[in-house]
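You will see subunit A twice below: alongside subunit B first, and alongside subunit C after that.
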Partner chain A sequence: MAGERTTRRISGGKEGKRGFPRLPLSFLLIFPSILVLSLVILYPLISSSLLSLFNYELTKPHDIDFVFFNNYSKMFKDDTFWLAFRNTLIFTGVSVVVSLVVGLIVAIALDQLPERLAGLRGIVLVPWIIPGVIVGFLFMLIFDVEVGIANVILKQLGIIKKFLPWLMDEQLAMIAVIVANIWNQIPFYILMFTAGLKAIPVDVKEAAIVEGASRWQEFVHVTLPYLRGIMVITSLLMVIRNFNNFPIIYTMTGGGPVFSTTTLVIYIYRLAFEQFNIGYASAVGIVWCLVLLALSMVYVKMLYKQVH
Partner chain B sequence: MFRKKWAFVVAILLAVSLFMVACGQGGGASNQSSGSSSNQKVEITFVNWATAEEATKKQMLAVIEEFEKQNPNIKVKNVPIPVGEQLNQLTIMTTGGNAPDIAQVHFDVGISLAAMGALEPTDNLLSKDFLDDLNKKLYDFGMWEGKHYLIPWVGHPLGFWYNKKLLKEAGLDPNNPPQTMEELTKAMAVIKEKLPAEVVPLQIDTTIRTLGLSHEWSFMAAFGAIPIEGDKVQATKLEPFAEWLRMCVKKGYTLPGKKFGEFRPLAAQNRLVFGFDGPSFKGIIQSFDKSITDEKFYETWGVTTLPVGVDKKPYSAPDDHNLAIFKASKNKEAAVKFAEFLSRSDFAIKTYVIPLGFLPTVQSAVQRFPQEFSDPARKAYIEKVVPAVIRPPYGPNYAKIATVIMAGIQDVITTDKPIPEILKTVQMKLEGIVHGR
Partner chain C sequence: MFKRKFSVSWSVFVWGTVLAILGWSLFPMYWMLVTSLKRNMDVFKVPPELWPSHPTLENYIALASGVNPIGRFFVNSLITSILTVIITIILATLAGYALSRLRFRFRDQILVSVLVTQMFPLVIMLAPLYLLYVKTHLLNTYAGLVIAFTSFALPFGIWMIKGFIDSVPVEVEEAAMVDGCSRLKAMWTLVLPLTIPGIVATGIFAFLDAWNNLLFPLTLTNELKMKTLPAGLVLACTGQFKHEWSGMMAASFITTLPVLIVFILMQRYLVEGLTRGAVKG
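Up next, the complex of A and B:
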């Protein structure tokens, strides 16, 4: 039925008078939005693809050459690019996995709350609505070597002996930005899982318990399978979002110390707007886009599979 | 069939996009001719950080207001942009065809913009009177490929501030600040031992920024070598400086990863002993704590040149504020008039330069306001610091150079990697930038 609807023609026949293919009504209606989106996405994409083939630095306007794929071959020999790529994977991977687990636990806990405490569900969403730049500033202060509360708490608990320079240590800086990011995005998982938990039929859960399943068995064999689709879709969405994460990292560390928290998006920004190497920044941007495109395709495929 | 339709739509979209890309390539800021009719009311856009900072905003707005009063045909559209974002914002504005008429810039930003071809050379724009009155050394710092591009506005070279009260508390002579780097290191050890842990001995910028490199440039020179001299790359010679800086961070003599501006609140709280900052240090500290009068300030702080190193010469870096006229400006004449007003007029000097602790950039200012420019700090700056100023290698590669060197410096202070190994990598990368390899 749906197939019939989408292929309904404005007029009959397969081709118009001049041989152009006739388009379905639904397509004509959606065309203006596709056109606008394409202009704001396709135009910069094509423009960047072209720029990536040039040796183009804004500070050297008289020294622009067509260098073909030189920027791409340079990229594969560029240590900082690979470091940024590795940092992106670490930042994204750890953020997504930890957020998923914590989000699921909190969502289950909130699901058990009595009705009179339902307001708590709204409160836990607060970190999600705070803009990334503000989250970055908040955590920059929390992890400050001098006045940061993180050091004070850890010292009180006896975990550390002296204040740690969180944002000026190559390993600690990455941990600090990931913690800030997780705090910011957990509510999204909670929201999605809470909705998923509400959708599980109560009688299925009760049937499992009646059949003698323990709470853990009920969780593993009933709840988790129902949430599996949400987990996959949410995680993919967050992988894409974290690949793009700029404000938290840039505000907290600017990509440092050295390049220890420089992700691809920060690296592109630095190349383009601090070093003005537009050609090379475009090449890195194109590679980054391809990775995101692949992830988006997987996401769309998953979504399509779930809908059908 | 459905595929055919998709292909058709995608082809249309691609064609439109390609058409736009093609049109876009030919665009860009066109060169506008200068000159504006004196009877016509013109508006000039002024990008600056003076009105973006609380310490200078009120005074700057008063100067703009006075200029508009004296020049009813010129309206100044004020665009405040934080100091750290000047380069990228001005670059975006210029490449987007939306360049301002005039902007406040540091030397590194100004020279980068000049190299981009965004600025108008100033020699033929400025009046002869004004040119004769300008501080020649400062004016020449703003040269790129044989032409002047920057108009010195306020002098702000970096001097060595010392906190007399804290030196006394640590049992050191408050009127005899360290004269050599060795004495400075010894003094910091005493301070760390005798004063509370919250006191920070030294202000030094270790961020990956052009300003970070400019701040450290004089320290590097004091330790015997600057990383680039002309076309010569000599990062491996930075070893004594790198060793010293690593030691400073390890022993807690300074706070790593801080911008030099972030040490100023500590100074206002009497928690900083040695600062390396411009003459506006006084005004900024007073803006943080209004109870600090001039008298109180000079009781606490003194200023001199940075302690000397192996060659016994003092060094300072220019952090001066300049004005740049943009090539795309349609109102260059009005913009130049405004620039001359800011640098030279009695009103601007009395309202902006003097109260905020800056140095004048025109020679006549000291003759016009002898008393105002004879306070202890400004006297020390004019007599000792200004002659010690050296120019870092500003140019189109300066941002890249700064990233490489400062990333190396951060590697030194945040890891235990062997310093020669770090400097060797820095050397290699710098050679790549400087010699285009």
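Up next, the complex of A and C:
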């Protein structure tokens, strides 16, 4: 009975005083969400960390051994793992830096437009809602060696001498997937920075103009300091998103040719669903999750700092 | 307000940038549409035709009769996406209300955990989830897909709706509750109407998440007739659409159209919802 009383008190508000036994309202309201998240995210995470200690292969379900940290030590000696790690950093680093710079320039330019042209901002956002698979298809066509318009344009401009096999070349494939990814993501940066620019107080901008600051000085001493918080948060969020990016690369190259566009998530997918090596795939996945968890913690801290 | 003097170089920069980004954003979309209207042999012409010399709808007609049941994929996508929207809105509203208004143990921890779940790579959930779905007979079911989609739309929705409820003054509800109105009734009649923009934004994101998701339908269904569009198209890509660019672009356009329509109708909510949390005020 004492337990029941405590539960009632936790629910707070008026319900507790009415005096019939019940679960706390807060629990009832949150439980369905927690249940779904536990089932699809929490349970698989825990299960993966356990699986990572076994040499579990889907093709050999009766041959499962506990192998301690063998999967983990194997990983550090696995050249493909390190290649995938490097690819992930290149893919993410280039995507985020280019999108950040271009997004900032575009947001500033769009901010200068008169209000009646605000609709143009909407058009610029369109690439962001296109499904990743379709972005992949679209850029497969654009970068195709025979029919791709990228080759036609670049040759017209004199940048390349002959048509290049973008998606079949180990060096070029990464460029092609990054271009597709940037196309898909720039709108998000534009959106965030446009909102950030709107939040700069008008009198601060006016003061800069009255004091005779050039546009460049205004950019460096007013715009950038005001946008710094949102730039950090947006970049961090996008680093996390790109570390997890799957559909565009998977559709365009499947991680190839050879392993040249295999990022860690593609590698984990291939290990689990092409080689059926669940144990090893889980180990790589868990390590990657720890990296992402650390990044997320930084992100959450920055977000709280920005909001409060 | 003080304004800067007109400057030619600045105007050139502004308009140059605006035109460049419009071209960059729209050209691939235009190319998709134009290619889908070409006869497949015309796609191979050099130099490429910027407008089809023989525009045709044959690619769209062929989709209906192709080896891969694109129509069925479309229906699957529609059903699972709409169910995901409904369930996400209900769950996120309930949880968002509790996290905004009620005080209980682990509240802050739950809030942060919910946010962090979004950051994990979907790929590592797949193997355990697949095994779980086999055991619970959720493999190849709409329910299985909807649960998975919902879990990915939910964290964002909970935060979004919590944020909107936070901004509704609590006094309104308290006054009603003093007058004998129950908490749930106060929530339904007073708080909810003011939260509509957040609910709509949550719904849009749930729709986009579900419609665009590739990994869940790729792994959690293994019957062709249960695939949604992204997974179905990836499979068709190596078969039906091999060297058939115009058909592939027609399928792409069909897949893009619903999200485009949702975006055009709901853009205001989407932008407001997204930028709200990130910018002060």
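Everything that follows uses one rule, which is that the second predicted complex is superposed on the first by the 270 of 308 C-alpha atoms of A that agree within 3 Å, B and C clash if a C-alpha of one lies under 4 Å from a C-alpha of the other, contacts with A are read in each partner's own complex, and residues count from 1 in each chain.
Going forward, a contact is a pair of C-beta atoms (placed from the backbone, for glycine too) under 8 Å apart; a residue touches a chain by one contact, two chains touch by 3 or more.
Note that the coordinates shown come from a computational prediction; the quantities given were computed from them, not determined experimentally.
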item	value
Subunit B versus subunit C as contact partner of A:V97, first or second or both or neither	neither
Touched partner set for A:L39, first subunit B, second subunit C, both or neither	both
Touched partner set for A:E146, first subunit B, second subunit C, both or neither	both
Partner chain(s) touched by A:L224 [first = subunit B, second = subunit C, both, neither]	neither
Most subunit A residues touched (candidates subunit B, subunit C)	C
Partner chain(s) touched by A:P247 [first = subunit B, second = subunit C, both, neither]	second
Partner chain in contact with A:P257 - subunit B first, subunit C second, else both or neither	first
Touching partner for A:F273 - first (subunit B), second (subunit C), both, neither	both
Which superposed partner A:E170 touches (first subunit B, second subunit C, both, neither)	first
Contacts of A:V106 with subunit B and subunit C, given as first, second, both or neither	second
Those residues of subunit A which subunit B touches in one complex and subunit C touches in the other	14, 24, 27, 34, 39, 42-43, 47, 146, 273
Residues of subunit A touching subunit B in the complex	7, 14, 20-21, 23-24, 27, 31, 34-35, 38-39, 42-43, 46-47, 50, 57-62, 145-146, 165, 167-170, 254-259, 270, 273-277
In the complex, subunit A residues that touch subunit C	10-15, 24-27, 29-30, 32-34, 36-37, 39-45, 47-48, 51, 105-106, 109-110, 112-113, 120, 122-127, 129-134, 137-139, 141-142, 144, 146-147, 149, 152, 183, 186-187, 190-192, 194-196, 198-199, 202, 206, 209-210, 215, 230, 233-234, 240, 243-244, 246-247, 250-251, 264-265, 268-269, 272-273, 278, 281-282, 285-286, 288-289, 292-293, 295-297, 299-300, 303, 306-307
Contact set on subunit C toward subunit A in their complex	1-4, 7, 10, 13-14, 17-18, 21-22, 24-26, 28-29, 31-32, 35, 43-44, 46-48, 90-92, 94-95, 97-99, 102-105, 107, 110, 112, 114-117, 119-129, 131-132, 147-148, 150-152, 154-155, 158, 177, 182-183, 208, 211-212, 214-215, 219, 229-230, 233-234, 237, 245, 248-249, 252, 255-256, 259-260, 262-264, 267, 271, 274-275, 277-281
Parts of subunit B lying in touch with subunit A, wherever the complex brings them together	1-2, 4-5, 8-9, 13-14, 16-18, 20-21, 24, 87-88, 91-92, 95, 112, 115-117, 198, 207-208, 255-257, 396-397, 399-400, 403, 407, 410-411, 413-415
